[in-house]
Structures are given as structure tokens and as C-alpha cells.
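By letter and in written order, the chains are A, B, C and D; residue numbering begins at 1 in each of them.
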Amino acid sequence: MTKIKVAMVGGGIGGFIGEIHRMAMRLDDRYELVAGALSSDAKRAKESAAKLGLRGYATWQELLEKEKDSVDCIVIVTPNDSHAEIAIAALQADYHVVLDKPMTRTLEEAISLAATAVTSNSKFAMTYTYTGYPMVRQMRERILNGDIGNIRTVSVDYRQGWLAEPIENEGQKQATWRTDPSKSGSGALGDIGSHAEQLARFVTGLAITKVRGDVHSVVQGRKVDDHACVQLEMEQGVIGDLVCSQICTGERNSVSIRVWGDEGSLSWNHNSCDALTSTAPDGTETISYCELNRAPSGHPAGFVEAFANIYTDCANHIQGKEATIIGVEDGLASMKCIHAVLQSQESQTWQNV
Amino acid sequence: MTKIKVAMVGGGIGGFIGEIHRMAMRLDDRYELVAGALSSDAKRAKESAAKLGLRGYATWQELLEKEKDSVDCIVIVTPNDSHAEIAIAALQADYHVVLDKPMTRTLEEAISLAATAVTSNSKFAMTYTYTGYPMVRQMRERILNGDIGNIRTVSVDYRQGWLAEPIENEGQKQATWRTDPSKSGSGALGDIGSHAEQLARFVTGLAITKVRGDVHSVVQGRKVDDHACVQLEMEQGVIGDLVCSQICTGERNSVSIRVWGDEGSLSWNHNSCDALTSTAPDGTETISYCELNRAPSGHPAGFVEAFANIYTDCANHIQGKEATIIGVEDGLASMKCIHAVLQSQESQTWQNV
Amino acid sequence: MTKIKVAMVGGGIGGFIGEIHRMAMRLDDRYELVAGALSSDAKRAKESAAKLGLRGYATWQELLEKEKDSVDCIVIVTPNDSHAEIAIAALQADYHVVLDKPMTRTLEEAISLAATAVTSNSKFAMTYTYTGYPMVRQMRERILNGDIGNIRTVSVDYRQGWLAEPIENEGQKQATWRTDPSKSGSGALGDIGSHAEQLARFVTGLAITKVRGDVHSVVQGRKVDDHACVQLEMEQGVIGDLVCSQICTGERNSVSIRVWGDEGSLSWNHNSCDALTSTAPDGTETISYCELNRAPSGHPAGFVEAFANIYTDCANHIQGKEATIIGVEDGLASMKCIHAVLQSQESQTWQNV
Amino acid sequence: MTKIKVAMVGGGIGGFIGEIHRMAMRLDDRYELVAGALSSDAKRAKESAAKLGLRGYATWQELLEKEKDSVDCIVIVTPNDSHAEIAIAALQADYHVVLDKPMTRTLEEAISLAATAVTSNSKFAMTYTYTGYPMVRQMRERILNGDIGNIRTVSVDYRQGWLAEPIENEGQKQATWRTDPSKSGSGALGDIGSHAEQLARFVTGLAITKVRGDVHSVVQGRKVDDHACVQLEMEQGVIGDLVCSQICTGERNSVSIRVWGDEGSLSWNHNSCDALTSTAPDGTETISYCELNRAPSGHPAGFVEAFANIYTDCANHIQGKEATIIGVEDGLASMKCIHAVLQSQESQTWQNV
């Protein structure tokens, strides 16, 4: 099978997410990473490319211009504020685009990117990681298949503790841009609330129609939200609760989603990512374990493999095969939801999404 | 040690909660149950008393009148709508009172009962069960002791599934009165939301100051709330989220409370009631197991023992010893909170408690 | 229902197990404890009886003689070395007997007691606690019902840490008699190995036919075994492994039993005593929760309730009703098994049970 | 960093373990797989190589001869019976060797391979997977560091269910060679007992000195062992119990190891591979989570990543850097242990290892 030739924008050596994307691409061997504009800092960009054995560029503009004949797909893993510009330029230059979440910094930018993506001949997909877990997909299939009857209520809880202290003031790189509204747009809501709301929509197949958020910046002086509890209304009268927080001291990366229907419930927890628990009306719990990992059931898989699933699906999508991808509509829905939550905080009322 | 002579109002044979109260009283052998007006149905009242070997009365009024010299304490386990009247009468007749939660049907009634209780020479205590779990008490002690630093956020989740269907229409006795607003006052909020909010206050030592609830009657035609997601503000700027629901199909009686401070967190789950989990800022979890049960650590205890702890504390309280009891203030605070949540649903705004 | 009049031998105030037996008797209100020879120390015996409001005796002989007309049943909770003598005397005096496990100190004594018990008109039952857990009973029912097909292998693991240090040298009362072979017979094997092997037989309905034990006294200078790994052969070609240990530092009271058949498996763990896990051939796990506790499912039960179940069954047995009791045969089988394990250690060969 | 040029023997397309090895090599990008003799079937060997884009050979002999200048390392993933011959030839031809476990089919072959390996200038390492889990390594470090004091007892339990039925008779490829003693040497003992005993030695740093196994072929007609319970003696008077089984219906791949010292215990379970539980003498459990995965703590890792850790260590070893590898001595110790267990079954006595 032909490998997809990839160039990466952002993701220089020393950061976290770039290497995750590269491992995910390597795992199933569907990609060949050949070039990169790996940092907005020209020197670091060049050095990173050299270390990785790639054709290196000081700017993404130069990369897009020079690699037209030798690269199929641009993987964008920069901070949120450059997502729209780079993705739009890449699509217009006929590259396929794989874009890290959230789609953009602002809803406005997202609308603009979406307009480009839907009219492009190139493929566009986003890396909403949790969608890559086989048991999250199985949860969706079973819910859509009616296994729990009519959906009643959804609960998503995503808590981290890494921003429990104002580490942005000490120059921690991830914290600095993620708490700078000019870079990130929003805080916990955009960073992990986006995963949470996407999970809620993904596993139920239902849109979020209204939100009312109680949004806080718990850490003194922080310029973005770092904690929110959101009341949800979804299609078909489904109600929900969503909490996302980055100030819950000691939480490593705790994600859970539970959905109750009138004939039972299904729940998934990141900490036991290979398992899916279904509860019958009589309270009996059945735990199914993943059969779809790269090793036989009983050999645990995890985050890197989930990420690789996303990339393998992106490869299938790019090569015209069937695939579960998170595309324009989904990315835009996520931006709309986060936007509405922030608006609801300002207005102190429910907001339509 | 002298046993406390008890008469019970409500709790006839065939119901659930009366026998729990009786077992809890027997477990530590501090009470002697001698009389009862065990049902509002005179025939059932008499039969129940006969079966239990008690002096039986057709009405609680008669009981109060006749047992003045032979009973120390009235245990009230009737539906909510008669709580205020019976408790007030019992206190006025100089009986001690142990009252099942919630305090009353309405906030108005609660205020009236409170006024009587605070001026009475008799003792008044309520059976908020979760307070009886030793690890819930240890959670409170450790939080008040500063083990997790300054409290930031609280999350309480209490879900049941037994009202997932409109079983009140089929004459299920518990469901019938609990979903009849003239009997119960409110639905899930009063029945289990009261436990949830009490837990939040108990373990933190902080009052709830403001609430904004998203309150639903999910089951068609139901006359009371059966599901609510409540955003909380507590003293000292603490924020919280509380969900209570009786329509989560398959949930047996799932209660959890988690509290995060700036130096760690503590969490407790009903399903592992003998354990308390603390999480350090680095994510390490430490699980402490109960040393205070009736059998050595490693021999699980449960609901009946927690209930017996409540009763033993009530006995200590009645006999003038030190005890952790849930008294007038706490019962009233709970009624105010539930009332405010219902008001916030009507007004669609935050309500002060 | 008539209550059973009980006298207790052993179990004075300050010990652990006596009060457990008394709570268990009280919980379901089927017994009335009226007399006791609560200690081999006459003074402590009298004081304990006085505190409990019982007719007190300095010796069990005196009690047996004096209470013939006023007591139905003798509950024996003394150290192992007096089990046989007291139980035989009680049965011969036409009392029913409820005897704590193990049956006796030695196999010889057990044979002698068994001979008396089988010819007596009185009822004889033993308190093998784990048999009282509803989910252990359900495990047995489901296995006997063929739910896991033909049984293949059994694994029982019972570990404690309370004897990890030579606390018998510091006068800890429980440790002192339990590690004195003249009082206890054997150490970990008799104390908790007896529970373990009984569980294996109880849930499978199969006898243990051969054993080969690797038996150790890990703590220096200890006079009895404190750790053993036993290979088992059971009826129908079933094989098993059993570990019992009291020197596993930090283990509170960790008991688990797992049984695999050719169509699935069932496992139970003391730490989650209300749950029973069944595993299907494809690895899917189903967790059933107890419906048979005193409170509805979701309200955890524990050791005291399991103990009360044993006592309620004993009450039914004594009053001529159907009951699951652990009787003569079972107690004797347990003694034979422990005896054979110790012999196998001496001979370093398999021993028939 | 220079990549290591690799050729693979065995591991053709369609099998399970070859692709796992290839993914593990790709994950950290330290290897370049360039050639293969991927099957003993010449046609399948060529086709597999073509699909993977490798230089393909019909026989490993040809590969060894032709690739001397272009390959650094031979990865051997064939059935056990060819391990010795291929590994010896590869080492003699100056290739580094990475060999799947167990070392060989028989102890005799292992001794022969060891003799070659220790005198070779090339590097030799084996892929005992469990050693690749960071928390297994942390368990070892903490035990060697004295965290649990003097070790007392070890318990290893490794159960699978995939051979619960005689699927070797239906031509299942893995089952066929693994239950054919001429191919595999032994059954469950060599296949997974080897992992179990290696884990026991790895985490404690102690050799196994004596064994007494109760070894069975539970499935009728099976030519190798499929279930064993082994009593262990280790250095320093440590005792242990080890169960390995492939007939435990429904077990996917259940591995746990627990070690008790006189100051606490540590335990690890494959199902929660990112966690390590330590228990203090008072029963308090502390769960530490892995910080050493490729993603931050809270993003679960698993089997493929553990395997990649092994390969990264092998790469370091081959390139002369420090590394934790499983080498000749360890492989030989494992073969000796399995051999002694089988002998103990024949002799029905303890066997020195």
C-alpha cells in the first residue's frame, strides 16, 4: 500500500504533542513523514527537522510552496491561533489537512476554515483523540443500535490538575499559550471541554442544542476559564451535565462518559480504556473488553494506539476508503458549543448552540 | 447502660425503612422498642405492632398521649407530609425525637418545626444516613484538618434507577407517595438530593450559598422532579456540581462525593463505603480503609451499620453524651437548599439559599 | 415468632468475636441471649455477664447444669481446645449447639464430637462466616446449576497480615492462643485455611480428595504454621490451589475464590462482598449485585450481616425450618483437610483427605 | 541517531507476534526493518516480504548469508524448536540477535545457545514482554531499594483461556505448534509459565532455587501441560506460589504479581498496567501511576508500548548504551526453572533449579 507523504507544521522536538502524532503515524506504517516547519522559531524549526531527518523549513508558508509535488498531507499541530490560517492555506494549495483540535481559536475563524474545507477537493480531518478508542466507538455503535433504548441523559466529566497552580507565570510552555486567550481562545473549555462535548455528541449521535455554563477562572489572575460545569440540552429532549476542569489538583487526565437510556446504560472511563460497562435495568453490570486492538484481548492498549487509530482512519479517508473521521461539521459544532457556553456565562442564561 | 425506650410512628411491617430503623437500633443494643403507631391505617398499625411484640396504637396522637411515662423517644418514619406535625407534637409532649429525612414536606413546615425544636428541652436528631459511614466522617475530619488545603470544588453525584418507569401508576407504595407532591413536597431533590447536598456540606463544613438547578421530570406525567443538575456556590468561593436523579435506569443507589483542594483531593463512593481515596498533587492515590467498624478492618461493613452508627449517636445525644448528630440547623439548611433549587428552576436564575 | 433462648460460652467483654456473635443474633431478632459463662476466668465471666445483663456463670459446666429449663441453645465461642468438650457436654444435656469454627483443636476431637452430634436429638451447626454471604451462596447455586459447565479448577486465596510480627510474644490475646498449638491445634491452616477449604467445597459442592501442602512458619520462633500453599485434588478430577497466610504484611482480611468451568467462570472477593463476577468464554465479565440484603440493592452489606445470615439459618434449623447450615459433616471434612495438609508437609507427599 | 538495520526470521503476514514486533520497532523509530525470511514456507515468506516492502528470503540460512553487510540484527520470532539453531547461526555470523521467549524448546538447546552467546562479540537479548512495563520496572526498583523490607513471599498468577478447548485439533495455527511438544518443548509452562517465573525473579532480584509443581493436561488428549500450580523456594528463604494455566475459560490474559515483605507489599496487575499498588503494614494502599510513558500520566499505555520499551532497550544495548535487557543468563534460568517443574511432576518431589 502506498504510504502517504506527510509534512508537519508545529511539533518541534521537546514539545509533547508533535512526537505523539509522529508515533501515531508510525505505528501502523501508513505515513511517511518527509518534511516539516516544526516551530515558529526558525532555528528550532531547522534543528528539529534535522534531528528527525526531515526536509526542514523556517516557515510553513515556505513549506507549502516548496513541497507541493512531494507531500500529500499537512499535519498541523501548532497552537490554536494559527490553525485557521495554516489549514486554509494548505487546503487552498491542494494539500490534505490533518488538524489537531480544537479547530481554531475563535468561532469566526472556524466558520472561515469550514467554508474553505467544504469547497476544497482535499480531505480535512481532525484528531479528536477519544474518538480513536475502540470502546468509545463501540459505545457509539451500541447506543445507535438501540442497546440502551431511548437516550435520557448524558454525563461527561473531564478533569485535570496540571493547571491547579499558575504555572503559566513560571514560563511552562504548554501552560503559557494555553492560558493566553490571544493564542488559545478559551481555556479549559477549548482545551478539554471540546473533547468532552465531542464525546457526548459522538457516542449519542445527537447534537447539543442548548447550554448553560457556570464558568470560572479558579486560579487567581488566570486570563482564561479553568473550570466549568455546563448544563446541556441535546436533541430528542436528552439532558446532560458536563464538567471540565484543569484545576482539580491531582487529577492526571480523568475522562468519563456515561449515557443512560430507558433500557439501560453504557459508560466508559479513560482509566480503563479497553473496557465498556453496560448496566441492565436490574443493575447487573456487563464489562466488555476490546477485541480490536493490535494485540489479542487481554493485552492492554492505550492513548498512543487510540491516536494511531485516528491516523489510520485519516489515511483511509485520504486514500478514498471508508473511515470514521472527525471532519468540518464536527469541528465547527465543537467551536459553536464552546462559544455558546462562554456566552451563557456572560448572559447568565441558556444559549442556543 | 440504661436502654432508651422507643416508640415508632410509621414503619409498619412490609415497608422497607421501618425495619432498617429497627435493625439499626438493635445492632448496638442501646434502644428498647416498646410501642408503635406503625401505620396510618389503623388495622395495619395494630397488626404490625402485634407481630413485633409492641404496644400498638391506631394513631400517633393516642400513642403520644398514652406512652408519656414509658417512652423516652419517638422515632418518626412516616411520609414527609406528617413529619412536622408529629415531630412538633412529640417535642411539645417532651419526647425526644428521631426523625427520618427530609425534615418536612415544605420549607414552611421545616421553619415551624425548627422553631419548636430549638426551644424544646427534648433532643431532636435526624437520620441522614450517609453521615453514619465512618469514612464519610473521616473525610470530613481530614478536610477540616486541612489535609487537602483550601477547598476549591465539590462534586456530588447521586443516581438511582428505581423510578425510571412510572411505577407510581401501578400502585408501587414507595413510588406513590414519593411522587405525590402533596405527600413528599418534591421528588428526587427532596428524597436523594437532600442526601447529596447534606454530604457536600457535611464533608466540607461549608454552607451552600447559591444554587442554579436544571430540574426535570423526565418520566412523562410525573408530578415531581426526578432528575436535576445543580450548579453550586458555597462559602469561601467554593464551587460545585450536584446531580441527583431517580431515572437513571440500572443505577441501584450510586452515591459519590469528591472534593478537591489546592493540596490534593478526597473522594468517597457508596459502592466502596469502607474506603476513602485521597489523591496527592502528583496523582498518587492513597486508599485508607475503615478501622472503626464493628469487626476488624478487612471485614466489610455497610448500610445497616452506618444506620446503626446514626442511632448510636442519637442514643449518646439523648443520654447527654458527645455525639455527631444531624440536628435542626442541618435539617433546615437542607430544606432551604432544595427549596432554592426549585425556585431557581422557576426563575431560571441563581437563587440564594 | 418465638425467640430462641441462648446462653453463650466464651465471648467475654473486650474480646472481638463474642460481640460479633451477639450483634449477629440481635440483627434479625430471632434470639434472646439470657445467660453466659463468658470467660474461663471466673471474675471476668461474672463481670461480662453483668455488663450484658445476663445470668452469669463462672464455668460452663455450671451453666449447662442450671439453665436446662431456660435455655434452648448454647453458643460456643471459646478457643479451639475446649470446643469438643463443651459441645459434647451441651449436646448430651440436650441443648442445641452453635459452634464457632474450626470444629475442634484436633481431628481426633472432631471425630469424637461428630459421633455425639450425629446421634443427638439436638441440632448442631457451625459459624463458617463466608457461607453467610449471599453472593457466596449465589455462586454455589449457579455452579451447581451448571452455569459454568463442568468445573475444571478452583483457586482460593486468603491472606492476612496481623501475624506478620511475633505479637504473641507481646501478649496480644488473640495471637497468644491462636499460635499456641495446645490451644489452637494448628495456625493459619486451622484459623483461616479452614475457611478457605470450606469455601472451595461449598461453592463447588465437591469434596477435596487429596492435598499436598507447602507449609511454613515464616515468623521466627512461631510454634504453628503461618503460611501455606496447598495443591488440591477434588472430586470429578477438579484441581485447585489454595493459599492461606497470616504473615502477608498489610493484608487486612483478603479472601477471594475463583472457579473455572468449561463454559465460564465465577469469582467472589471479600472486598466486594455484595458482587459476584461471572466471566463468559469470550472474556466478557458480568457483575451481579446482591438483591438479598436487608436493604435494597445498592445499599452495601457486610460481615455483620453475613454473620447474621448464619444465625438466622441456625435459628431456622433449630426451629425445624429449612436452612443452609454448616453441620457435622462439613466441620469434620474441614478438620480432615487441615490434618491432611499438615501430614503432607511432614511426609512431603500427597495425602488423601 | 543511526537506525539499526534489522532482518526478521519468522513473523509472516497473518500471524500475530511478527506484527507486534514490527510495531514495537517502529514506535520509537530506532530500527529499520530491511529484510526477512518470514516463514518456513518459502512462498509465504516471499509474499510476506513483498507486502512489507522487504528483501525477502525463502530460508533464514540464505538470509544470514546474503545480508551480512546490510543487516545489523536478526529478530527471531519463529516457533521454539528453531530458536537455538537460528540464534546460534546468527551469532556465529556476527549478527546481533533479538530472540522471542522462551529461549529454546529444551534445556539442552538453551545451554548450547548460551554457550555460543556468552562467547560471541554480538549482542543477545530476549523479549520477555512484562519486563517492558514501566511499573514492573518500578516494582523491581522499589523492592531492591528496600521499600517493603525483607521479602517474605511472592505470588504470581498467569491465566489464559484460549486453550480451554482442544483447538489444536481444528488446525488453529498458534495452538497447533504450541501444543506440539516437538515444536514447543512444553505447554503452558514454557509459553506463559516462563513469563510468570521471570516476573518473580525480575521484581525480587532473587533466583528460584527449588520447585514442586502440580502439572496437568486438563484438556483431554493434549500432548503438553496446560495448567500448573508450582510451589517455589527462592533465595533468602523466600517462598512463593505460581499458577499458570491456559485452560481457564474466559481469561483473556490475566497476569498478576504480588510480593510481600516484612514492611509492606507491592502488587502489579496486567489489567491496570500503568499502576503499581503498595500496601503499608496498616493496610493503607497507595497506587502510583506511571510517569514514564510516551504521553503524560493519565494517558494509558499498554502492551505495544511495553514491547517498544523492550526494543528500545535492545537498541540501546546493541548500540553500546545502558539498558535493561533480558540476556543469556535470564533466558537460561527460565529454561532451567520450567525444566525443574516438569521434573518435579515426574518425580513428585521438590527439584532444585
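Definition applied: a contact is a pair of C-beta atoms (placed from the backbone, for glycine too) under 8 Å apart; a residue touches a chain by one contact, two chains touch by 3 or more.
None of these values were measured; they are calculated from a predicted model.
A.B. asks: Could you find the chain whose CA centre sits the greatest distance from that of chain B?
C.D. replies: It is D.
A.B. asks: Looking at chain pairs B-D and A-D, which one is connected by more C-beta pairs in contact?
C.D. replies: Pair with more contacting C-beta pairs, B-D versus A-D: A-D.
A.B. asks: Where the CA atoms of chain C average out and where those of chain D average out, how many Å apart are those spots?
C.D. replies: Distance between chain centres, rounded to whole Å: 42 Å.
A.B. asks: So the centre of each chain is just the mean of its C-alpha atoms; given that, what is the distance between chain B and chain D in Å?
C.D. replies: Each chain reduced to its C-alpha mean, chain B and chain D end up 55 Å apart.
A.B. asks: How far is the middle of chain A from the middle of chain D, if each middle is the mean of its Cα atoms, in Å?
C.D. replies: 36
A.B. asks: By the touch rule stated above, which residues of chain D touch at least two different other chains?
C.D. replies: Counting only residues that touch two or more other chains, chain D contributes 251-252, 283-284, 289, 297-298.
A.B. asks: Residue numbers of chain D touching chain A in their complex, please.
C.D. replies: The touching residues are 16, 19-20, 22-23, 26-29, 160, 162, 251-254, 270-274, 289, 293-305.
A.B. asks: In the complex, go through chain B and note every residue touching chain A.
C.D. replies: 148-149, 152-153, 155, 157, 161, 164-165, 212, 214, 216, 218, 227, 229, 231, 239-241, 243, 245, 247-252, 260-265, 279-284, 348-350
A.B. asks: Quick one: in the complex, what on chain D touches chain B?
C.D. replies: So the residues of chain D in touch with chain B come to 283-289, 297-298.
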